[in-house]
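Going by the order they are written in, the chains are A, B, C and D; count residues from 1 in each one.
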Amino acid sequence: MKILITNDDGVYAPGLSALVRALSELGDVLVVAPDRNRSAASNSLTLDRPLEIFQHENGFYSINGTPTDCVHIGGSGVLGMEPDIVVSGINAGPNLGDDVIYSGTVAAAMEGRHFRYPAIAISSGSFHPNSYEGAAQVARDIVANIQQLNVAPRTILNVNVPDCLVEEFSGIHVTRLGHRLCADKPIATHDPRGKVRYWVAGAGLAADREPGTDFYALDERCVSITPLHVDMTEYAGMDNVGDWLERSF
Amino acid sequence: MKILITNDDGVYAPGLSALVRALSELGDVLVVAPDRNRSAASNSLTLDRPLEIFQHENGFYSINGTPTDCVHIGGSGVLGMEPDIVVSGINAGPNLGDDVIYSGTVAAAMEGRHFRYPAIAISSGSFHPNSYEGAAQVARDIVANIQQLNVAPRTILNVNVPDCLVEEFSGIHVTRLGHRLCADKPIATHDPRGKVRYWVAGAGLAADREPGTDFYALDERCVSITPLHVDMTEYAGMDNVGDWLERSF
Amino acid sequence: MKILITNDDGVYAPGLSALVRALSELGDVLVVAPDRNRSAASNSLTLDRPLEIFQHENGFYSINGTPTDCVHIGGSGVLGMEPDIVVSGINAGPNLGDDVIYSGTVAAAMEGRHFRYPAIAISSGSFHPNSYEGAAQVARDIVANIQQLNVAPRTILNVNVPDCLVEEFSGIHVTRLGHRLCADKPIATHDPRGKVRYWVAGAGLAADREPGTDFYALDERCVSITPLHVDMTEYAGMDNVGDWLERSF
Amino acid sequence: MKILITNDDGVYAPGLSALVRALSELGDVLVVAPDRNRSAASNSLTLDRPLEIFQHENGFYSINGTPTDCVHIGGSGVLGMEPDIVVSGINAGPNLGDDVIYSGTVAAAMEGRHFRYPAIAISSGSFHPNSYEGAAQVARDIVANIQQLNVAPRTILNVNVPDCLVEEFSGIHVTRLGHRLCADKPIATHDPRGKVRYWVAGAGLAADREPGTDFYALDERCVSITPLHVDMTEYAGMDNVGDWLERSF
């Protein structure tokens, strides 16, 4: 199997190295990651400049772009591999509910939705993980068994793993996305020259963390696997909008 | 009605001005847009620096951040308005099918999913529109009638408008997202110092442009309205993954 | 006379508009400025991406690059003018002593050192000027008389103007650069996610503000004109280093 | 001796590692470099965001900023050292004549002008050096003897070293800066979406490469050492400007 590995925490991140170690035994590995932390890059693409590729001493490639750029380049064959699958992570911090629309980790997996096997985004439940080994083992188990997985084309598996020993996991759950409240208010700060500037605030609290959600699973110290697709059509809303159109126009 | 207007083409873009003119008669308007073109910014957030707000002579605010940042700031009340709705556009170029996961225009609308009324992203079918007036009129009609619209909370309306006179529209269709083939290969170029760099290539061709899709509607010179949500869970895939988990672990 | 005008405060800055108004009566004017505030850009050049040129409704061009990039592009003829002179400003805030090595305003003037007439950088003595009119009038007077000025090729005039009415100026002095103490310590701050980050601190206080310096002139409410060159060779130090070389090698 | 080492080619650059190896035997070393290539950053400072410091596995720190930022932070004591000297390099490519006003390598040295010993910028004569060992040895020899050097405060030594074995050097010359012709014209290119963009062109050819200049020394396969200062006052031009002022105002 030919495996493209990337992340959004950047080419230096320890979670990337842990993932590379875990997957190297399963096939050929190509590592292409952003040259720096690009958390919250979502599916953004760099269109205003051509990207630079740099190969590091450990063989990893970095790109001065986004996670999605990395998969665009790494998946294209220009670096000598036509990948069968992309695995993105291990992110320092969970990607749950609404997070998936902001996450560069998940976006990188989405960008590999046209590859042969389902793309995988894998995140640690902790922003400062004690260890990436549990998540690395989960990633390895999923990839090793991916051919048995019978999901629709273009499906992405969003995996969140508790930051504990594998023996301490309470289980593995297939989940739906929960969702969050509105984010907090931006936070005002002054720069040293007296100008007011605003930090983007943290994500909102979970509004839907019911059993069955990814939030719930992780809270219960379970691995959460959520299958995602990229068709955001709200099918249930089509009729209402259609009715309104008929009345209004 | 209190209307937050933004875009991803940047504060200078003529499509923004056209939208502001169209909506100003419907309520109070607050314009907060990126300080430059941020096309393909997706839902990216700026987390590595606090944002700067600048008010232009025409009253528009710009932010040195992404479209999503603009709604985060503009929707928070720090600029003196608590908006009821966000309208994003008018984008120079359509946002169809897979485009919606990359689009800053659509992302800005998504970021307003917690506001009172459904968020609206509006795009011209042409990358170099002859006129924004048709799209502006569609935007005004939708916003004027938004209270009659009976859709689920957190729904976004993704609107694509043919670049022609309103009288030339063939109709208005409620559509589902089509989807695209994999993007083209990145395009190698050399900088003047001899280094190879790669441009991100154009979007893939439409793979699903059947009747009922947004692609089809626009091709038929119809306005396309696609209701979107942000729950990307692939519910249909949950059982398969669950079966596999049972077999594998 | 063909005049290229730029700045480092960005294409929106009121000091740029004031300068354009003042110089438009003296010849053909081409305005090419950074698309955003690039204060402290120094002589930096953008080498990792090709630059984009955008023409605004008022005819000004902006570039997504540095002040030096603007003069590189604007002075090259690609925008239809081969300038005789570059004038940079009016900066919001003085550029005195060591400031000139950090200033984008001064750098932009330096980049025009190969043009026919001496390049001019012009700054207001205040970071929040009450008016740019005094500085604008000084700029116009210097440019109008520039052909009488008998200075060496590649000379730049660094002009600092008190923020007051022209009638209130105490005089016009030709000055040397003073110099500053070491900058303050960087200032620690925490982002909302708990990470420590450091702001670059303010410039150091003036260490040499003796009569004859630019600092002194401005303090006395005089216009300060300092001729600059770009040959940073420390001629006085060449012998000492030579002696040491003879002893050491 | 407490030595701060930085560069403008970024924390990954092999020239940085070579310099660190060469200087580690002479004292305590603190390495603080830009997180990516910042060639041509000049003396630019990052004022629009607070900087992030990251420590790599090899102990080097990187900063998401410019070379000057790195010395501002690294020289301030916040990383546990109050340096006696800054050494910047080894740059891949020479910094000769007018290059010094654009160079991030030289700028980083300038930023250490307030430290105890003269700051040093060191560059290889080749953009693709066969080896950094010759330059590393020159750097070590200069630093080891720096206390014997008797130059004015705030002097910077700009050192360019031929890319050959030390035994092949023809000598070591104390030089003045030569200077270059105007840079080439910017180079038009089209992005994949059809937009014209312009690359900043290469540096101009040497206009003054006479004996005594840095250009000449390097051409002769000599090490070139040019003492620099930051006082750019054109003293010779002060009288002329003064005469003109008297006549004009």
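Methods note: contacts are C-beta pairs under 8 Å (C-beta built on N, C-alpha and C of every residue); 3 or more make two chains touch, one makes a residue touch a chain.
Quick caveat, the model's predicted, so the values are computed rather than measured.
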Q. For chain D, which other chain has the most distant CA centre?
A. B
(Q) Of the pairs B-D and B-C, which shows more C-beta pairs in contact? (A) B-D
Q: Find the geometric centre of each of chain B and chain C from their Cα atoms only, then give the gap between the two centres in Å, rounded to an integer.
A: 40
Q. Where the CA atoms of chain C average out and where those of chain D average out, how many Å apart are those spots?
A. 22
Q | Chain centre separation in whole Å, for chain D relative to chain B (CA means) | A | 45
Q | Contacts with two or more other chains, residues of chain B listed in rising order | A | 47-50, 52, 64, 187, 189, 191, 193, 199-201
Q.
What's the contact topology between the chains, one of line, ring, star, complete, other?
A. complete
Q) Within the complex, which stretch of chain C touches chain B? A) 12, 35-37, 47-48, 50, 54, 56, 64, 191, 193
Q | Residue ranges of chain A in contact with chain B within the complex | A | 37, 39-53, 65-66, 68-69, 72-73, 76-78, 98, 100-102, 104, 107, 110, 114, 141, 145, 148-152, 154-155, 157, 172, 174, 176-177, 179, 181-183, 185-189, 191, 195-201, 225-238, 240-245, 247-249
Q.
Going by the contact rule set out above, which residues of chain B touch chain D in the complex?
A. 48-50, 52, 64, 127, 187, 189, 191-193, 199-202
